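Written out below as structure tokens is the structure these notes cover.
For reference, chains read A, B, C, D, E and F in written order, and residue numbers begin at 1 within each chain.
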């Protein structure tokens, strides 16, 4: 039971011989995803995947929120390439989106089930990330939002590819995605995003660890095979859709609407967009 | 903001600079789909798609009902081809079904999100049409039915291809489809067909326009891309299934059970069908 | 209206000119699936498919339970091949799994809709079988479990391939599958596994027969085509996933974890598994 | 090394401990496919698949021709259903086509490689059947034709689904299919239908048996796995296309053009067809 | 047998009661594709599809060449949208590419087989167009080239989606595509692009009309069904690949390499491209 | 133009500012693939992909042969896992096969076209590797063999997934695969494996570099997009087939036939295999 290496954006510990609890750990930044976090997530799970005794991972957010999404300060500059040629910019953006998708898909690729507990704000990249897990719980007072529309773009790192297959009300899902509005724990349960609404963060973590212990008591061969089988069925659809989305957005996120949207958000002034 | 051209079966107006409200407008015929309506729907949306300021469409039914489905009087004669040769009849029917599917798919192809409000009866072609929209609301007292089984055929213009991907209870969906029974607003919400049940038609339209205004305040690039992305994922499955259904039904709707079913419906006498 | 041939594990009778009621009939063994039952199920439905007046089948379990799943005593020995060579063993197991899948898929292939009523225990092979039906009802006190994880394997005869497409909460589905825990009728309805929870076995059968009578009053051409259309859409995904699962499990169920799991179950001692 | 059971339309013998030589055996009828032959083909290969020592099958035609295709005398009456209702006729035809497809697909499903030698006429059902084999040789003077167009229908039992994936000139393939013209051994080799053109039937059989002996000397596990792997890749495309074709043709072969085409063929008078 | 309406870029006539011969008709511009030609092609075939006696179309180029490809003078300006925003430009280009693809796909959608005869230069859009036909013949001295690479872009209107499925040497196909080099009639036959190399344009047209007459003597129901069946199998792959290509190129053809490539072509000076 | 880092198994140099020539470099071991080579191949191309001036790679084998395939001495021990449990062994083998597939797929993933020149022996892993390139040339005296059947297994690292899509004679391809026999340069050209047969290694390298220079003179944006487009179309089929093959072979290569086959090869004694 080796200790997790030191990371800037993640922390974690073994809660039992087969269960590891990992946390998004930028509480002062509301666990916003900066380039470092995108980088450390696959690294941490590569470490975990090598722990032969590992059978289940529980993932939560340290502090008041699961995650406020993309760290606008840090992430944008890192993502936006410099080039005079639209085609070359598009190539770079395509490659960047693929890397971000790969980071967000980490939970899906993890050798063992990943149970995610969501509380506080769970926005943008946060919900994209949570959707690549196996099981999701949330607290009563969670505020979930597919927020990308509010910065002038379409989510391209998983949530739009996964949720339609995971939930049971396409009309509601589209309503949430087009408006960017927050949904509560109760609505998340009705939509099918989570399997349980817990009283608060503390009880949620306790309940998740209980489920984790139960799974950890089963044959690891059986559990490995179940995850492989379920993922195979769903990845057949999700993987090409992620690739397609990366192609589309490599051009679309070069839009000037992004600046207008962000400016509107910061200044609280109504955004004015050119016609299509 | 150009006015909608004159149509026999549709009416509409701008409710704000970016939101258009269109209505099925054959209230005296319970908004039944006749050949004219199938023809005018794509025409009207071709017009709307050219309105560069358009960002959202709200669609409802004028009068007491959203739609009573296919106009049996007018539609059948238009659809049924004359030929002594089954193969030639089948070719014609295949081509006709493709045209009807294309008309019903109009909302799916619309460049901007389409929000549909359902009230009163929403039957057969009505629910097929509504299912190609992005978001669906209904009133408490709505009566939805996949009615085709009652005229001796299988629905072939969208509902059977779309609902299994949009909702979360295949058993219930099949029950409704095999029996043709009506479901209420509450049941529609549980099944996942709609995202909200409104008190009545008036409040429903008000609520839909509010959602529409919210969406219209977002970047049109973002919203366009979201719709493209979500549609891409689902059309990969829906499009070939529609094509397949057109092939199957081009032969199957030549059945004599249709006459028997319709006669039974009109005379209230029990239908007697030959064995398979 | 020919009588059902004599079977060891199944019984049944006509409840009306077009509706047949068939029962799993090993009540003293909790309707556990033994090799005979796997064999007789396709035989019985081959007989039923030839009954030209048949329009609907209702399927329930005789006795206190729908089914306790695989008959561990009888089934294992029949399934496990003898060979010194892993590859040859794998070929045999692959072929056996295909045969069991074919038996479980019988309800899906049946020419007419199959309505299943679940009560008491519905475990392992039982829920795999029920999921290949068209419509599922259950009693309030039903106890459903995807139990395979508790014998050290991944379910490979349908449930993991079908339920993700039939229901609307992937997180809950995975929770149930990884833990093997029981769900009640109420939870089954919320997940979308069943379309109705009946008061008890008696009322459930009554309600199913009522639905069956309604379907039987419709055009058999229409109903046949609806089933063909809905199955076509879903089998495109399910059939290759079943094939894939058969390949994976042909090797994975050779695991020694199965013995350990079963021993643990019988002795109530905690299972100890080697690391992966 | 059990002897082949007695069949009306097939004969065969072991040419070595692991190689079986089977022959189409209606030489006086140019090995035309009658209902009996469709029925006996899967039976014979079910027998062969159970011969544990079997490693390769060589298949040729007894007499002057590989096969003249469908036995028009016998096959038509067996295939064409009687019913007043087009839909019911279509259901029956669909089910019949599926059975014929299953018979023609026998070589593809055979557990060991099947090597086919074609000589003389190889027409219609003959080339459909040969295309489901692993390896094809032909004689210099072979006359191959996808003849279905000459009886007013589209081939629906394999050749149009398989050849586009097996060969390398779509333009030539379509030319042959639309015109029904004969191709020689040399042209078949250029198109990619066969891998070798032999001098005559005798040398062809000798050469095929040599290849068969070579394959029989390899690990049967390796050979089994290769066939499974290659078939898996191709069947993913072929299987749904066969299903689609069965749906289409269940209606299309009810055409009166078939009578006109056959009459024209028999009387040598130009066929006159109604417009589409 | 109605006469072809007057077109700027196309001409044609009936060569027999069921065979129509249509020609690209801008001989002074080497039959280059200008916006008018893209527009008139689907119009002309819409007219032809309505001619109920039509059974085969033969398509050739008037003058010394089949086609020199895109008309750089006229086409570019029409295609390149004006906008300050990359995303909006991308949307417009995507929609334009879809329209061009739809025009090029006309031969594939034509109700009857289309036989294309290629002579002289057959470059860029010319070979894209020819590849959507059923059957291709060429003259000995034809010069075929997938020329797009020489103007700094990837072909996006069919050839790269169709040829890999139609021919039998991927290595050669890629060599031709990456280098833009010309291939002769003999090489085209070896690759599988054409089914016959004719002596010259005159004999080629004669030979094509002979094949056309043969096809026209067959049942139109049979021929229609064959084309539907073959197209269905191939369009399943081609259609999504065209859509994907449209997405990719909507951004990539905004590249400045296009100007550099065209300038280099016109000035015969070596092009200098920035690194990727 | 940075120099290639030092590798044990690979060497290379820039032949012009945009063209790099890399060589398999274990000439004393006939360029057999040992674990080091599998490891260094992706490393070397990761380096090359970062060279922004790179536009084409030419790949050949140093010494008398392109490659004799898997290094039986070194590779087997590295691949075969130790475990008492078949399932755990299968998991390890699955993961190993995926790593080898990833190494072999390197040429397919390379950002620029890869042109491979084959001479001498090109066997097993050698032809698997070459098939993931864009363009293949070979010498007259090349000896190509899909040799895996001779060591008792099915090739699982690319050749069986790629060649059926790249060539035009399935019958010939299967003959070669089932027998493991050698094909010459002339036969490789006819099958469609290569696009040219060169006189000898020296002229082949010269000719490949000429083609490479031509490609390098084109827009790198155009060439990048072409490779992306062609790969997208083919990887949709190849990627899932590789995954499937990895699953199948993770069990099948545990066969004892492998020992028997290798022993037979070394001792020249006829192998004796148990029945299936």
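Simple rule for what comes next: a residue touches a chain if its C-beta (ideal position, glycine included) is under 8 Å from a C-beta of that chain, and two chains touch if they have at least 3 such contacts.
If you're wondering where the values come from, they're calculated on a predicted model, not measured in any experiment.
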Any chain that touches subunit E and subunit B: A, D
Comparison of D-F and B-D by number of C-beta pairs in contact, larger one: D-F
Size of the rotation, in steps of 5 degrees, that lays the CA trace of subunit E over subunit F: 120
Same-interface partner of B-E, chosen from the options B-C, E-F or C-D, over half of the pairs matching: C-D
Numbering shared by both copies at the subunit E-subunit D contact, with half separating same from different: different
Approximate Å spacing (C-alpha centroids) for the pair subunit A, subunit D: 53
For subunit A paired with subunit C, centre-to-centre distance based on mean C-alpha positions, whole Å: 35
For subunit A, residues that touch 2 or more chains besides their own: 85, 87-88, 91, 167-169, 192, 221, 224-225, 232, 236, 244, 248, 252, 255, 257, 276
Interchain pairs in contact, sorted by label: A-B, A-C, A-E, A-F, B-C, B-D, B-E, C-D, C-F, D-E, D-F, E-F
In the complex, subunit B residues that touch subunit C: 148-156, 160-161, 164, 167-172, 174-175, 177-181, 192, 237, 241, 244-245, 248-249, 252, 255, 257-258, 260-261, 270-271, 273, 275-276
Touching residues on subunit C, where the partner in the complex is subunit B: 52-53, 111, 113, 134-136, 165-169, 192-195, 211, 214-215, 217-230, 232-234, 236
Subunit A to subunit E touching residues, read off their complex: 84-88, 90-91, 244, 247-248, 250-257, 274, 276
Subunit A residues touching subunit F - in the complex, by the definition given at the top: 85, 87-88, 91, 221, 224-225, 232, 236, 240, 243
